[in-house]
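You will see two complexes here that share chain A, one where it goes with chain B and one where it goes with chain C.
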Partner chain A sequence: MLVHSKAGRWAAWALFAVLFLPLFALPLVVVVAASFAGHWSGAFPSDPTTGHYAAAVRGESLQALTTSLVTAVVASLLALVLGTWAALAAARLGRRTKRSLDALFMLPVAVPSVVIGLAVLVAFSRPPLLLNGTSSIVVLAHTVLVTAFAYQSVSAAIVRLDPAYEQAAASLGASPGYVLWRVRLPLLLPSLTAAGGLCFALSMGELSATMMLYPPDWVPLPVRIFTATDRGSLFSGSALAVVLMAATLLVLLAVSRIRTRASYR
Partner chain B sequence: MSGIRFESVSVAYGGHTVLDSLDLTVEPGEVMALLGPSGSGKTTALRAVAGFVTPASGRVLIGGRDVTHLPPHKRGIGMVVQQYALFPHMRVKENVAFGLRAHRTPRSGIPGRVAEALEMTGMGAYAERYPRELSGGQQQRVAIARALAIRPGVLLLDEPLSALDAQLRSGMLAELARLHRELPDVSLLYVTHDQVEALTLADRIAVMDRARLQDCGTPQELYRTPRTEFTASFVGNANLLPVTVAERGAVFEGRTLTVGPAGQAPYGIAPGATATLCVRPHLLALGEGPNALRGRITEVQWRGSTHRLYVEVAGHRIKADLPELRETPALGDEVTLHFEPRDAVLLTAGVSHG
Partner chain C sequence: MAEATGLAAPAAADDDQATLHAPAGASAPSSPPPAPAARGRRLPRVVWALPPVAVLGVVLLYPLALVVQQSLAPDRGGAFSGYTAVLGSAAFREALGTTVWLAAGATVGCLLLGFVLALIIAFVPFPGARAVAKFIDVFLSFPSFLITLALLFIYGTVGMANGVWTDVTGASEGPFHFLTTPWGVLLAEITYFTPFVVRPLLAAFSQLDTAQLEVASSLGAGPARVIRRVILPEALPALAAGGSLVLVMCLNEFGIVLFTGAKDVTTLPMLVYGKAILESDYPAACVVAVVNIVISVGLFGLYRVVSKRAGA
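For the complex of A and B:
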C-alpha cells in the first residue's frame, strides 16, 4: 500500500476493518459459529458440539464432497483446455472476428446460470445426446459455465505476452508448435493456473444450474447444503458449508503454490 | 557462405509505405550496417529478411535462395533484437540450446555447442543463471551466443547495443568485431542509428532515410566523399553551404572558396550551377587561412576535449569542432574560421534529399 505516514496507515487499516468486517468476515464468522452450535436462541449460540462435523464427513455428505471435488476438477481442467485453445486461436484472428468470439464466450457469464442449466437440460434430454440423469450433464453444465472465465483470463494474458519471445524463437528455427509448447505455454503458465483456480472455485460453489440437472446419484455439496437448510437443519448445513469452504481454500492454496513456483522459475 | 539480397523490396503498413523498393546486396561474410534516423525503415528491412513482415512487392534472397514467402523458422538466420528477448523461464544454457533443440541437433552434440557459443561471448561462467540474474551487457552476450549457436549463415542485429551505456557499448563493439574475425563466413546485417557504431564495425554502410536507401558505400567513401547531402550531414555531421560553382572554386555569399586539389574544376560541375559545399566541423580551424569565413559566435559548447562553436556567417549557422580552447570565446565575438580546400566536398544541388 502506498501510504507512508503512520496516521495514514492507521486510517487505511481502520477503513479496511470497517468495510471488510461487516461485509465479508462477519457472515463467515456466523456460519462457523453456527456449525458448532447445539442451540441458538439468544444472541449467541449455546451447547457447543462437533457433532455436525462428524456427520458432515461421513456417508452421503462425504460422497457429496467427493462429487463436488470431482466435478470441479474435471470441469475446470476441461474449461482450461478449451478456453486456452479458443484464446490461442482467437489471438490469430482479425479484430472483428475476435470480438464476436469474445462476445460468444461472454454469453455464459451474462446469461443467468439457471438459464444455462435449463438450456443444457433441454438440449441433452433427447437422443442422440441423451445425458439427462447422468453425472456427465452436471460436469457439462459446469464446464460451459466456467470456460467463459478461462477464456477471458487466458485471452488477457496472451495479449500481454511480448511477441518478441515468439519471434526470437521462430528466428532460432522453432516451428509454431514448438514455440507454443516450449515458449508461449510456459510463459502463460502463471495465468493458466490462476484461471484454473478461478474455474475450480466457481464450480465448487455452483448451485443454480446444478439444481436443475443433478441426478440422485450425483449430488454436489452446495445442493446438499441447500436441502439441509431447506429442511431446517441450519447447523448441519453450516458445518457442510464450512467443509465446502475449507476444501475449496485448500485446493486454491495448493494451486497458488504451483503458480508462485512457476513465476519464479 | 550466404549473403543477403533485397530486390526492390517494398513494405507498407495500411497503405503507408515504410520501405520503398530497397535494392541492396550483402556479400557473403560482409558486415553491412543499416544506418538511418528513427523511423527510416531499418527495422522493417531487417524484419523482411527474418520473415516477420511480408513485402508488398520484391524479393528477399538468402544465400541465393528466394525466401520471400518462407516462414521465419525455415530461413536459417540468427537474430538479436533490441530487447534481447531471452526466454525468462529458461537458464542461460537452455536459452542457448533452444535453437539447437528446435533444429533437432543430436542430443549428445548440444552441450558442446552450447559451451562453445557461451565461451565465444565470454559467458561460460553464467550457464546456470536465469536471464533476470544477468546485467544488460551480459544478457546481450547471451542473446548473441543464442543466435550464434545454430551457426547461421547470416546474423541480423537490430540495435543490439542501444540498451547499454557508452563505455560498455564501445567494449561490445570491439567484441563484435572480434567475433566476426572468428566467424569470417557469417554475413552480418547490423541496424543502428549511431554513426560511430556503423563506422567502427561495418565493411559497408547503407544509409536510409524516409523509407529509402539514400547511399551505400564503405565507411571511408561515405565519410570523406559523401554523394548526397543527407549522407554528408548524417554520417559526417557536415556543414552544408549553398554555393554557386565558379571557374575555380565555388562562390558562397559573395566569397570565393577553393575546393578540392588546386586548379581543377571541382567534380566536373559546370560553372554557374548551384551546388552544396560540405565541410565537416572538425576540419574547420580558427584564424586566418585559406577559405576564411568571418562570423559571430551564437553558441559555445564545451565537450571536454573539444569546443563546439556555432558561428553565424552571412545568415548561415556553421558548426566548428575545435581542440579545447584555453580561453573560452564569448557569445557575440567576431571570429574567423578557415578550412583546407582538400577537406571540402562539392555536391550538385538537387540530387539528394530523397
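For the complex of A and C:
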C-alpha cells in the first residue's frame, strides 16, 4: 500500500527483519536455548541437558513457583474485586469526582514499584498492623500494584457498555442490585477476565517491590531467578525463567478461553 | 498495559448525577459524604465509592504518607537535614543524572524503533504480520529482567557475539563489553519498552483511512512524503502518549538495572533499594523515594493530559 515497487517492499521487510529478529525474537530464543544448555562459551550452547528443568520443578524452586502462583492468584482476585468495585462506583459519579478517583487509583502506576515496596514495608513493620516477615505483605504489595490495571481496564469497559440493557432491565422493575448482578457484571465478564489475566501476568513477573519486602519463607519465582543468576547459575536461572513464562502463558491462555466462552452468551 | 492506558478516556458524565451529591463532596473522594438523609432512603452514590477508597487509603496513601514523614524526620538534625544530606551527595546526583539520561535515551530509541516497526507492520504487510503483532502482545506480559538475562548470553563476556567474533577473527577476546555499562541498560530498556509504543501506534494506524494514502501517492507523493505529511500527523497523539508512558516506566525501571549487576550503573530506584535493603538507612531511602515520586508522578500527570487529548 505504502510502498508500491516490489524491491521497495522487500527492502522494508528486510529492515523489519534486521530490527525485529535480533532485538525481540533472539532474546527469547536465547533464554530457551540456555535453559537446555550444560555449557555456553562461544557462539553456541553445548552439552544439551534437561537437568536444569529437573532442578527447576523440585525443592525450593518448585516452592518458589507455587509461591508465585498463589501470590499472583490471590493478588489478582483482590485487585479485581477492589478495582471493579471502584470502577463501577466511579462510573456513577460526576465528572470531577470520577477524575479524582481515577487519579487515586492510577497512582500505583506512576509511583515507582520500588517505592511502593518501601512504603508498604515502612508502614506495615510497625503497629497497628505488623505484617513484616509474613507472606501477606508480599500479597498486599502485589495487590496495590495491580489494582491500578484492574481499575483501568474495567473503567474503560464500562464506558463502552451499552446503557440500553440496564435501562431496559430497570424499566422492567429490576432493582439496582439485580441489574448489577444479572446485567452489568455478565456484560463486563469478558473485560473482567482480561483484566484478571493482565493482573496475573504482572504479579507473576513482579520483582521491584518484592525485592524490598519478601520474607525468607515466601520467595517468589522472579526473586529466585535473580538469586540464581546473581550467584552465576545463569542456566538454571534461564530454566526458571522459562518455567515462569510458560506458567504465565498457560494461565493467560486459560483465561482467554473463559473470555471466548463468555462472549457467546 | 498500553491498551488499557490508552483507553481510559473520561466517561461522559451523566447530567443528572450532579444533582445527587453536594458540590463540596464532588471535588475530593476522601471528603466526608453528603448527609445521607438528603434524598430519603437511598444512599448517595458517592457512598458506594467509599469502601474501595478506604482500602486504598490504608494500603497505599497511609504508607506513602509515612515515607514522606520519615524523609522529613530523620533521627538527628532539623526537618530538612535528611534532604540536604542526600541531595548534596555525589551518589544521589550521579544516580539522578543516570536515571534521567537513560530514560530520555530509551524513550527516543523506543519512539524511533517503534514507529518504524509499526509502520512496516501496518502499511507494508507481510504474511505473518498478524502473528508478529500477537507476539508483541505476548512480549508485554513477560517481566523486564528476562531481557537482561538474555543479553547476558548474547553480549556477555563469553556470550554469542564475542564467541562469533573470536571464532571468526581468532582474537583472544571479543569487542563487546558494554553490558555492565549504561549502554547495556539502554539496549535492554529499548528492547523491552518498544512494544509499549508499537501497540498504540498500530491502534492509531488501523483507524487511518488507507484511501488517504492511495490518494496521496496517486498524486505523486513518494513514501517518505506520505509518511511525513499523512501518517505522522495522525500518529502524533499515539506517539506522544506511548512516549510519555515509556518515559515514566523507564524512570521507574528496576529489574533490568538489578540484573545487569553493574556497580557503576545506579538509578534512583536502585538507590532506594540500596539505601533501604543493603545499608538499612531508611530515612535516606525515603528521601530518594520522595524525589523519585515527585519526578514520576509529575511526568505521569503529563502523560494523562497528553493521552486524554490524544483520545479526544
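Assume the second predicted complex is superposed on the first by the 245 of 265 C-alpha atoms of A that agree within 3 Å, B and C clash if a C-alpha of one lies under 4 Å from a C-alpha of the other, contacts with A are read in each partner's own complex, and residues count from 1 in each chain.
Simple rule for what comes next: a residue touches a chain if its C-beta (ideal position, glycine included) is under 8 Å from a C-beta of that chain, and two chains touch if they have at least 3 such contacts.
What you see is a predicted model; the values in this text were computed from it and never measured.
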Contacts of A:Val183 with chain B and chain C, given as first, second, both or neither: first
First (chain B), second (chain C), both or neither touched by A:Ala90: second
First, second, both or neither for A:Ser171, with chain B first and chain C second: first
Chain B versus chain C as contact partner of A:Thr50, first or second or both or neither: neither
Dominant contact partner of chain A by residue count, chain C or chain B: C
Touching partner for A:Thr66 - first (chain B), second (chain C), both, neither: neither
Partner chain(s) touched by A:Ser256 [first = chain B, second = chain C, both, neither]: neither
Which superposed partner A:Ala119 touches (first chain B, second chain C, both, neither): second
Residues of chain A contacting chain B in one complex and chain C in the other: none
Complex contacts: residues of chain A adjacent to chain B: 162, 164-165, 167-176, 178, 182-183, 186-187, 189, 265
In the complex with chain A, residue positions of chain C that touch it: 1, 4-5, 7-11, 13, 17-18, 21, 25-29, 45-46, 48-49, 51-53, 55-56, 59-64, 66-67, 70, 113, 116-117, 119-121, 123-126, 132, 135-136, 138-139, 141-147, 149-154, 158-160, 163-164, 166-167, 190-191, 194-195, 210, 213-214, 217, 223, 226-227, 231, 248, 251-252, 254-255, 258-259, 261, 268-269, 272-273, 276-277, 282, 285-286, 289, 292-293, 296-297, 299-301, 304
Sites on chain B touched by chain A in the complex: 50-52, 71-79, 81, 83, 85-89, 98-99, 101-103, 130, 146-147, 150, 156
Contact footprint of chain C on chain A as seen in their complex: 1-4, 8-9, 12-13, 15-16, 19-20, 23-28, 30-31, 33-34, 40-44, 82-83, 85-86, 88-116, 118-124, 140, 143-144, 147, 149, 152-153, 155-156, 158-159, 195, 198, 201-202, 204-208, 211-212, 222, 225-226, 229-230, 234, 237-238, 241, 244-245, 248-249, 252
